[in-house]
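Below is one structure, written out as structure tokens; the observations come after it.
Labels run A, B and C following the written order; every chain starts at residue 1.
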Amino acid sequence: MAVTLAMTLLRRLEGPQTLGRGPAFWTAFALVVAAAIAYPWFADGYTVGNTAYFFCWVFMALGLCLIWGYGGALSFGQTAFFGLSGYAYGVLTLNVGAAYGFTLAALVLAVALSAVMAALLGYFLFFGRIGGVFLGIITLSVTLALERFMAQTAGPEWKIGAARLNGYNGMSGMPPLTVPWFDGDVVLFPDVALYYGLLALLIVVYLALRILVNARFGNVLVAIRENPERAEMLGYDVRRYQLAAFVIGSALAGLSGTLYTAWGQYITPSSMGLTAAALPVIWVAVGGRGDLTATLIGTLLVLGGFQALTIYGSQYALVVMGLLLVVVVLAAPDGLVVAGLRGLGRLRRRETGR
Amino acid sequence: MIPLLETRALSKHFGGLHVTNDVNFALAPGEIHCLIGPNGAGKSTFFRLLLGEYTPERGQILYAGEDITALKPFARIRRGMSVKFQVPGIFPSLSVAHNLEIALQHHLEGASLGAEIRRLLAFLNLTAAASDRAGNLSHGQKQWLEIGMAISLKPRLLLLDEPTAGMSPDETFATGEMVQALNRDGVAVLAIEHDMAFVRQIAQRVTVLHVGRIFAQGTTDAIIADERVAAIYLGEADAPPLRSVADA
Amino acid sequence: MDLLTHAFTFLYQIGDAFSFLVLSACGLAVVFGMMGVINLAHGELIMCGAYVTAASTRAGLPLPLGILAGALAAGAVGMVMERLVIRHLYGRPLDTIVATWGISLAATQGTLILLGSSMPGIGTPLGSFTVGGYSYSTYRVVLMVAAVAVLAGLYLAFNATRFGTLARATIQVPHMAEALGVDTRTVYALTFGLGAALAGLAGGLYAPTMTIVPTMGTTFIMEAFVTVVVGGADIFLGTAPAALVLGTVRALLTTWQGQLFGQIGLLVAVILVIRVLPRGISGLILRERA
């Protein structure tokens, strides 16, 4: 019975809602994973740690891809949950410490907190029949209000237990993820061990999302995106599906926030500011919001590009990002990566004469 | 025999406009019933009330004897209602087959799901277009696809809002035959229509709505012969008190 | 402090909040209410107006002319924005949000690069007056009058001028307006330009009271959006009463808990109002179809 369940799940790795199928795709996938595993042997510790940093953000992008690309709801709340979970992790671990693997429990709790808050906010939004631009505005307002609130927590009276919130300066000094091990805990500083941990988590989440969107849930979700009235008239409770997608996507944003905080051992209100809130939208829009793989590739590309710009041309990075967003929306609304993959597909067909 | 669908004193107004005014309506199980009336009579509003998209100010809606007035649309659909709207309501960027799959996956899966999709595609004459983007279909094909999705739910009551709008006479006739085929399987049909040829082809009973009230009700022949009905289409008659034409 | 002074302070704060909300939101309300376009670069248009006003006033122009210059500059920028970007995205509201956000990002950063992290400000004119031993800024009262004047002016513009009638017709039933010979594209461009000019006007009016920095747009934008969303699509039956209600909420919370809680309370009020009145206040008044 478990075997049939596993077979059903595996079959869902491919489907109408994801690009990439067949032996060609999965071979390429395996090659990429192999390259990623081998990567630390060829790169220095700093670069590996930096790549791990990029991985932290991808979860938030995948979450937005689910909510916006598949569900059709543009939520600006990703950075709110990013910050919420980040601060939650900080508060928990600064109070309790890293012993007995508590940091892992704190990770789970922080993500769960985001999921719960997303369920509450989502209930208000979707069961209140709020959608479209209003959803975007309200989620943006929530994010900004959270940022403003955290920014004014500078005084010593603003603390939870032993953890001071510290206003604009943010919270720091929390322990990184620490895995309990027999002869000494493994502390996951931004280095090879953390890299492998995040890589594994990323692969698991990516595959799990592929299964989710190709399953019946995903079918209904895209139906809601295409024509919510018709979806309801086929007997689906549209609100529940939208809420579920919102909770999952927001929890992923919380995961990003927690990992980021554990990676750098700090979290500040600016990670919830207006500029920060724009970044996931840029990654997902540039990559291709309608597809998980496109979002994944696009996010890593834009993150790398943004960092390169910041190092070499510091001030212009944000200008380029802003203009990139405008250009993509006008010229390639399905995303650059998607357009690129489609172009490749057309080239292949022409070459094989089909 | 309990009516399959019944409304009692159903009323809805927007501002000062009574779009649905004290409507008492009944539909028997397995009946084909057409709803006609001049533009602005309130036919589409009545549909949306039946489906739960609008909330009435007064009155009740009963389905197979159960009061469904407070139920949300998806709950009504699950009880056996299904609808095809005037403007084709399909999923435009998904394929035709995928559209049907989403409708069918409620109660089917795996091999039987695939088989039923193929059967419906053949029934709707859309087998060749199965992997095309639904948004690229012609208008008539979109209408048929939506009808296909509506009937794939195996409803007891099918609501059709101007199903033949924009169709050629041949397509209209084919739609009529399809409706009758469904009816032989026991599906009751309530259709808003303007095309009198279609009404004549399929309807067993006809209700005429005029400024939100039931103006006349009876068999197809009796309604079509009624001069007052023609008059309201030409704008000559004011809304009279409720009268019903004697059944033939 | 006696009751009258309390009351005056309270009224002053409501008026202050009301005028801030009305002035920051009316440009957005014109564009969103009439055209359904969400412009996330609205804050940057306000910033543009403020910068131009500050620069021209420092260059010697009297303040009222400086404010006018700010409004016109923002209006021009808005029309360029409409021509290049917005025009291609009608009917795609979410994409409009994303694109205008990109513009906002580029504009804020671009201003920072070109003009530095702040510009010398212009002082608040007209000094202050005292009531019951407390002093209040006279200029802020001028702003309250300005807010009412802008509302009145807009009302006249849309209901009593030919342009206003054309604009309303074009936006409600574009193909009919086209059939009657109206150049709808120009009407859209001008309407968007008007919204942008109103934003610039707000920026110019508030420039004397704020530090001129590239990120000043963000001070306005959240509150402007909140007002427009709570108000609904109609400016006079929506934005104005919404500004009054929200202004009162803001004033109450600011008095009780301080500036920041005023802003947060506004947000909470918005979420509640949207839940209860999906079409905003104007929807309630007009009893729009759900």
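Heads up, the rule we're going with is that contacts are C-beta pairs under 8 Å (C-beta built on N, C-alpha and C of every residue); 3 or more make two chains touch, one makes a residue touch a chain.
These numbers were taken from a predicted model, which means no experiment stands behind them.
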Leading chain pair when contacts are tallied as C-beta pairs: A-C
Chain nearest the global centroid, as defined over all protein CA atoms shown: A
Chain A and chain B, separation of their C-alpha mean positions in angstrom: 44
Approximate Å spacing (C-alpha centroids) for the pair chain B, chain C: 46
Whole-Å separation of chain centres (CA-atom averages), chain A against chain C: 34
Per-residue multi-chain contacts in chain B, two or more chains: none
Touching residues (chain side chain A, partner chain B) in the complex: 16, 216, 219-220, 222-223, 226-227, 229-238
Chain A-facing residues of chain B, complex: 51, 53, 72-74, 77-78, 82-83, 85, 89-95, 98, 101-103, 105-106, 109, 146, 149-150, 153
Residue ranges of chain A in contact with chain C within the complex: 74, 124, 128-130, 132-134, 136-138, 140-142, 144-145, 148-149, 152, 274-275, 278, 281-282, 285, 315-316, 318-319, 321-326, 329-330, 333
Residues of chain C touching chain A in the complex: 38, 85, 88-89, 93-95, 97-99, 101-110, 112-113, 218, 222, 225-226, 229, 260, 263-264, 267, 270-271, 274-275, 278
